[in-house]
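Note that the chains are named A, B and C in the order they appear, and that numbering of residues resets to 1 at the start of each chain.
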Amino acid sequence: MADPRFFTKAKSFTVGEIARMLDCPLPENADDFLVLDDVNPLKDAQPNHLSFLDNVKYKEDFIKTKAGACFVSPQMAKIAPKGLICLISPTPYKFYALAAQAFYPEKKPKNEISPLALIDKTAKLGENAYIAPYVVIGPNVMIGRNAWIDAGTVIQEGVKIGDNCRIGTQTSVSHALIGDYVRLYPGVRVGQDGFGFAIDPKGHVKVPQLGRVIIENHVEIGANTTIDRGAGPDTIIGQGTWIDNLVQIGHNVVIGKGCIIVSQVGISGSCTIDDYVAIGGQAGIAGHLHIGKNAKIGAQSGVINDLAGGGEYIGSPAFPKTQFFRQIAALNRLIKKKKRD
Amino acid sequence: MADPRFFTKAKSFTVGEIARMLDCPLPENADDFLVLDDVNPLKDAQPNHLSFLDNVKYKEDFIKTKAGACFVSPQMAKIAPKGLICLISPTPYKFYALAAQAFYPEKKPKNEISPLALIDKTAKLGENAYIAPYVVIGPNVMIGRNAWIDAGTVIQEGVKIGDNCRIGTQTSVSHALIGDYVRLYPGVRVGQDGFGFAIDPKGHVKVPQLGRVIIENHVEIGANTTIDRGAGPDTIIGQGTWIDNLVQIGHNVVIGKGCIIVSQVGISGSCTIDDYVAIGGQAGIAGHLHIGKNAKIGAQSGVINDLAGGGEYIGSPAFPKTQFFRQIAALNRLIKKKKRD
Amino acid sequence: MADPRFFTKAKSFTVGEIARMLDCPLPENADDFLVLDDVNPLKDAQPNHLSFLDNVKYKEDFIKTKAGACFVSPQMAKIAPKGLICLISPTPYKFYALAAQAFYPEKKPKNEISPLALIDKTAKLGENAYIAPYVVIGPNVMIGRNAWIDAGTVIQEGVKIGDNCRIGTQTSVSHALIGDYVRLYPGVRVGQDGFGFAIDPKGHVKVPQLGRVIIENHVEIGANTTIDRGAGPDTIIGQGTWIDNLVQIGHNVVIGKGCIIVSQVGISGSCTIDDYVAIGGQAGIAGHLHIGKNAKIGAQSGVINDLAGGGEYIGSPAFPKTQFFRQIAALNRLIKKKKRD
């Protein structure tokens, strides 16, 4: 069970409640009233626990699990251990996520504006806000309903934040328009000047950065990630895109919907990333490039050309995935040959 | 026009005012009194806007632009659309930068020391300071004129900061001597201990880090970048060097003047980087190396040897640029050959 | 001498005091009462200074040094300059570290809880605490003796921190159990949600992150590093492991004892890193992998398979070190051959 010092379980559920809540069929002979007290991985689960199988790698754990109920694909359900109630779904991990949210809903602090938060008198806050101590909210800031703003965060002049957002501790936000259900983790930097200057041996000359950062609804941005504002156009993070920790997003970058950007990725200025692109950890994308819809870019890739949508790419410089692994194989043949010579 | 929630235009200018301000010749038949109300990229510019052409890639936009005036090189001016006033310069982007600064000068908050800033009574602050709430300034800190210190920033004991510096929100500075016109973006960490210890299986033994960070005039340091203090010698960032976000600078690193260090670069301890070196994003430099003047190091390079000045290098490990691209070409020939075999 | 604005020397020592303190033999004819006023590198050392030779690279400096005494290996002692007192040790750098700590012990601020720190009434603080201004300590937090918590840091509900810990400025800690003698540098983020969600084109579904971060004794974590809490299992950093700046540690990662993790490394979720592993700067490790004891992973490596203990690996993808450098050599032969063709 999750450590009660940090997590509060809402309640137990019967397997029937879970099945109906998620609109997931219950097998005919299943005990609708079986009580599930917790969620747990297959290996550790007990008869009063709900689990899931999403990755064939964990098949052995599935066969041996003591869990009472389990989200599982139709194919894998066929090899379920006797007595396990299979909650069959094409997306068992998603169903598990939703069930786990029901067991452990996020506990927002009580609505309260700390007397130690400094909120400009021209700022507007929606109802049901929790504003922690040492938060600074500047002039003309507008924040929607159900705001959750953690300690020490600074929201600069004119920023607009929608409803149901959580802004983590010690985050700084300027020059930004942020939608609903957006979450910034601790230490995120949004809206500072991009890296824009005219190179000059007598001293680089700063180009005023006159754009903004637009963050659409349902975006998550990981700890210590930096998102520079546009230089004239805006930097845009599309709806439902998730960004991990320590990522760098340069000025004027436009990211589409539902993208997944893993930790320590760097996206240079003026790139356009279409919808549902996935970028592996530590990959970098050079400036002014276009990445097509659904492209998958492997970890540590170095992208120096536009990439067509739908493809998988890896390497530095990045190539189509099969080509990259053929390059590696060719290299290894070459050194074997050398040894034989 | 830049969003007035975030940017304040100073005023409009006539093209003649701009030309004289920048000492840039106005064509003979140009209307000195044409009013320019804003700056704008070529594509979006209107007859009352000032624009620039710096990159041949945007030639088509130039030919079709509706801008009233445009900074442009002598060569490109020859194909300017009819009626466009060409402000001819060998460095159009620099001239644009200066003009844009005139349209949108940075708006420092009014001089005021927040009653919620905690300033040690032994600290000295020059005239015209803006010190935001929840700033902490330690004993014996000295800060010059026109300081702009954003909310939540912590300046530790003994630090010296020159005139006209801006220190962004939630930045921490210790063990540092900082010049004039320096700018630290939000979340920068200056002066913490370097990664120095004697390896020991019974427990690594910390080596006291007894040096400082010296930051010369006109340096900019990007958000969440970390600069460790020296171990005995100092860590030094030379005049006019610009450092992007999420960069790591190890202890004892000495960086010359006018360098450009792009996001997520890592420079290991005790490296010496000469003047005007440019380092692309995510590149790494191993410890104790010397990089010669004007060297250009490509993105994601892994430098494991000293590099001569003036050259261009890329790859991990880094090679001269032409050699690296020959390696890649050779690899691709190899896999084509294999396919034919 | 270290800048007295930032460092305070405890006192001078005689060479005899140093030798006895470290249980390091003094040569027979050495002057036990030679006064050592400071530590200094070989090159700058004066007759009243203590130095060390650890790296053959600095042999020339050793031969010419004016230092009064020097930690040195038995072999190198043979070529010591006349009059230098050799303090012979198989680990001269470790002995230097200990001596330097004696000259310059870390100066903790006086025990005091700032009236501007906000400490929940249910939190428990051990004796001899220094708590800086604008620190926030949440409900049920427990912190041991001799705590040193710098300005602006936020410790969230339920966190436990052992004795003798230093938590740097503007650090955020949640969902964590931290041992003794742990040090977090400025801007560290511990305990935020890992990057866990079920991918869904209609909107990724968050998987509640129900684990914790466990940090064992004697761990150091560098500036702006991010350590996500577990998703169900815990994220664990083993005793005596040192982590540099800007490192990313994903959820469920388990790191053993005495590891060294250099700046900008990224370790993906659910990896297991055994004891005494060393990982070079900017290396990345893909998810769910196992790295064996004493493995050494080179800078910028991209690890995509389990690695056996004891080996040295480098490259992206990572190979045994000798294989990697053979690959590079083969490539360079290939392009020379092409030139000749």
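Please note the rule applied: a contact is a pair of C-beta atoms (placed from the backbone, for glycine too) under 8 Å apart; a residue touches a chain by one contact, two chains touch by 3 or more.
Remember, predicted model here, so these are calculated numbers, not experimental data.
Undergrad: Once the Cα atoms of subunit B and subunit C are superposed, what angle does the rotation have, between 0 and 180 degrees and to the nearest 5?
TA: Rounded to 5 degrees, the superposing rotation is 120 degrees.
Undergrad: Specify, for the interface formed by the sequence copies subunit A and subunit B, whether it is same or different in terms of residue numbers shared by both sides, with half as the dividing line.
TA: Here the answer is different, because the shared fraction of interface numbers falls below one half.
Undergrad: Whole-Å distance, subunit A centre to subunit B centre, using C-alpha means?
TA: Comparing mean C-alpha positions, subunit B is 29 Å from subunit A.
Undergrad: Show the residues in subunit C shared as contacts by 2 or more other chains, in ascending order.
TA: Each of 134, 152, 170, 187, 224, 246, 264, 282, 300, 316, 331, 334 in subunit C touches at least two other chains.
Undergrad: Contact residues on subunit B for subunit C in the complex?
TA: 118, 134, 136, 140, 152, 154, 156-158, 160, 170, 172, 174-175, 187, 189, 192-193, 195, 197-201, 203-208, 210-212, 224, 226, 228, 232-233, 246, 248, 250, 264, 266, 268, 282, 284, 286, 288, 300, 302, 316-317, 323, 326-327, 330-331, 333-334
Undergrad: Over in the complex, which subunit C residues touch subunit B? Could you list them?
TA: For subunit C paired with subunit B, touching residues are 2-3, 5-7, 39-41, 57, 91, 93-94, 96-98, 100-101, 103-104, 106, 116, 132-134, 150-152, 168-170, 185-187, 218, 220, 222-224, 240, 242, 244-246, 258, 260, 262-264, 276, 281-282, 299-300, 316, 328, 331-332, 334-335, 338.
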